[in-house]
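In the two assemblies presented below, subunit A is common to both, partnered first by subunit B and then by subunit C.
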Partner chain A sequence: MIEILSVTGPASIQDLGRFDQYRFGVGTSGAMDDVALRAGNILLGNDENAAGIEIPMMPFSLRFGRDMAFALTGAGVEAEIAGRAVPPWWRSHARAADILNIKAMPHGARLYLAVSGGVDVPIVLGSRSTQFRGEFGGLNGRPLQVGDILPCATSTATIGELGVEPADITLARPNTAADETIVRVIVAGEYDGFDADTQALFWSSSWKITPQSNRYGYRLQGPAVKPKAPIEKRSHGIVPGVIQIPPNGQPIIQMRDAQTSGGYPKIATVIRADLWRLGQARLGSKLRFEQTAYTDALAAEAEMSAYLERLRANVRLVEETRTCR
Partner chain B sequence: MTAPDRPRISLLGTSALLFEAPGTFDLPHQRRIWALAATASKWPDIREAIPGITNLMLTFETPPRQLDDLITALNESWDSVESLAIGGREIRLPVTYGGEIGSSLRSVADHCGLSIDDVVSIHAAPLYTVFALGSHPGYCYLGGMDPRITMPRRQTPLQRSAGGSVSIGGSQTGVSASPGPSGWHAIGHTSWRFFDPSWPTPAALAPGDTIRFEIKQVVR
Partner chain C sequence: MPIEITDIERLAQILARSGVDTIEIEEPGLTLKLVVDTAARIAAPATPAAPTTDHFVTAKADVAGHFLAAHPWQDKPFVAPGERIEAGAIVGLVKIGLLYAPVVAPTAGTVDAVIGETGAMVGYGTPIVRIRPFN
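And now, the complex of A and B:
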């Protein structure tokens, strides 16, 4: 088990998400940076859907109740355990009563702590992810608090330090300025409801991610993007990544805890292969949209899958080499 | 451009596809949507078929390599489906109109050029049908609202609206099952349990069920 000693901001237990409950109004939840959570689980030999802790703010510290392997992935991190530093995208080992201190996040927005065997909270409606709105999943459906005790599945996974190449390096997008995130989007149903100048403004603008952004959605600030005539849609299903334009012309990107339906006009949708980049975009930073075609979006997913497959292969290779010695 | 009497089909990135039926927001159209959902949910690579208000979202288990076959299948099925009449149960929901939670009652009345009593009696008059679930766990979109109390959604959505809020958004009405952000206008509230993840079916209501609002109190 793990005991939470200090927590800043809404840290929560997340797995990859709850994907087949839309018909009851239940959204996906799940890790905002699913690539990072997968990588942490791969490092530990876990099921890739094993639950970890999503940590959006520092400092954060916890005590391990027993010997256990763990990994830190996602954002850049300054962390230490028992007097030694833990690098980002790294697997390490804790002894019983060791304290992990996570002190700073030099870049990125969310850190993932994965533990050997996974955080073993009950599966609710097919997932361990925290559903904040429904107040279920995770640990009692709420953010983590000081003093929380998290059960961990027992695991016999091999121990030993090991790192992998971070996704933001391997999958880096060209021409990205510092402190700016570029995500690829496919135009959505109401794109043609905006005139050519407004469409151009949407593509050319550098959007600021406002402080009113969270796991529900990212509210952006920039020039007002308004349709030719007001559009009032009948409510319909939406998914994480959908970019809605409310009447004030300031886009809102739906994220993992978003409502499962809406009626504001949709100008575009961030492709699945780039959702993790949004998960690592900081409040106050800049965001730009790049138009992409459906087939190119599938190719981007294949590229992401190939990266994860390389991680699996590398970790397997290291374990085999160790076993041989 | 799609002809006005043809469905509109659009992508939601690589995760899902949206089918929007042509025609009016009424029960006959919605019954065809329910039928289309029942059919499409059995297609390969489709994870779920989720009815909205005269529309249907299909989420992908695996994104199809190319979309033409799926789009053709949707169009053909829409033309051929028989309407699916779901005989649901009827529930009565006591509503406190106005007050702190229903603080938009006055602005809806002003917007519609009606008195508060008119808005309340018009809202409580119909037998509403649950057209679809969505938004948040257990939330029901209702069909049957009188268009005289239509009010466009908010310019900027509220960060937090109370659980149990009875709200109007455009020509739709519904009751929120838990607190959260909302772009709708709350005109009252109810205290009824719509969702529990431990129930065999986690949502209390399903498409086809009907709701009658009872005026418990009007707070001016």
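And now, the complex of A and C:
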């Protein structure tokens, strides 16, 4: 078990998501950076869908109730286990009563803590992810609080310390400035409702991610992008990544806790292979959109899968070498 | 597990075939170092051991790859000369494929010198950090 000692902001238990209930209006939830959660689980030899803790703000600390392997992936943080520094994208080992202290997050926006065997909260509607809107899943359907005790699946695996290259480095996008995120998007249903100048403005602008951005959606700030004539649509199905344009012309990107339907015009959709980059984009930082084609979106997805497959193969090789000795 | 003469013969043959000129095997209570006697090695002058070597303990790489003195996301190297470190502290990384394997301090002490250079290829047993042990 794990005891939460201090928490800032809405930390929550997440697995890869709840994908079978969308038709009933239940959103996916799940890790905002699913590549990072997978990497943490790969490092520990877990099922890649094992639940971990998504931590969006520092400081954060917890105490391990027994000897346990854990991994930190996602954001780059200043972390210590029992006083020893833990590098980014790293697996380490805690002894019973050891305290994990996370002090600062100089890189990225969401840290993932994975534990050997996974956080063992009940599966609700096919997932352990916290569903904030419906207040179920995770731990009692809510963000973590000081004093929470998290059950962990038993695992006796003993493993050595090991790190992996962050996805951000392997899958780096060219021409990206330090405090800027570029995501690839495909134009959506109402794109043609905007005139050419407005479309050009959408592509050329550097959008600010406002503080009103969270797991539900990112509200962007920049020049007003408005359609030729007001577009009124009935609510229809939408997915995480959809970029809507409300009447004020300031885009909203739907994220993992978004509603499953909406009526605002959709100008574009962030490709699935770049959603994790949005999950690591910091509040107040800049965001740009790069138009891409469906085939390129599939290629990007293949590139992301290849990175994960290399991680699996590399980590497996280490375990095999260890057992040979 | 005792090493038999036949094992050593077999290892020497493997070394000669593979073009590797040195292998060091360390097990508890046992160290085996095999050097293949190539012409090039004979011509090269033997590296004299530093006279103060016995006062230091060396953190060595235990895998082959590229050495990193700092994590790519961090400006600050893991350790710097003069720094006091605990036994088991991470003093650097060896990058192999997508893996970052830690190089750890075998003993507590003060960092005397960081020998490894970022980006350099290291192998099993390559000295990385020289440590002056406490007392």
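We take it that the second predicted complex is superposed on the first by the 324 of 325 C-alpha atoms of A that agree within 3 Å, B and C clash if a C-alpha of one lies under 4 Å from a C-alpha of the other, contacts with A are read in each partner's own complex, and residues count from 1 in each chain.
Note that contacts are C-beta pairs under 8 Å (C-beta built on N, C-alpha and C of every residue); 3 or more make two chains touch, one makes a residue touch a chain.
Worth saying up front: this structure is predicted, and the values here are computed from it rather than measured.
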When subunit B and subunit C are modelled together on subunit A, clash or fit: fit
Subunit B or subunit C, by number of subunit A residues touched: B
Partner chain in contact with A:L5 - subunit B first, subunit C second, else both or neither: neither
Partner chain(s) touched by A:R272 [first = subunit B, second = subunit C, both, neither]: first
First, second, both or neither for A:I182, with subunit B first and subunit C second: neither
Which of subunit B and subunit C A:I231 touches, first, second, both or neither: neither
First, second, both or neither for A:G134, with subunit B first and subunit C second: first
Which of subunit B and subunit C A:L311 touches, first, second, both or neither: second
First, second, both or neither for A:Y264, with subunit B first and subunit C second: first
Touching partner for A:E165 - first (subunit B), second (subunit C), both, neither: second
Nearest-approach distance, in Å, of subunit C Cα atoms to those of subunit B in the combined model: 27
Subunit B and subunit C contact sites that coincide on subunit A, given as residue numbers: none
Touching residues (chain side subunit A, partner subunit C) in the complex: 76, 84-85, 87-90, 106-107, 161-166, 169-170, 307, 310-311, 314-315, 318
Residues of subunit B defined as touching subunit A within the complex: 8, 10-16, 18, 20, 25, 47-57, 59, 63, 65-67, 132-139, 141, 152-157, 159, 169-170, 172, 177-178, 180-181, 183, 195, 197, 201-203
Residue ranges of subunit C in contact with subunit A within the complex: 71-74, 86, 88-90, 93, 95-102, 104
Subunit A residues within the subunit B interface of the complex: 19-27, 124-125, 131, 133-137, 185-186, 188-189, 212, 216-217, 230, 232, 234-242, 246-248, 250, 252, 259-264, 266, 269-273, 294-295, 297-298, 301
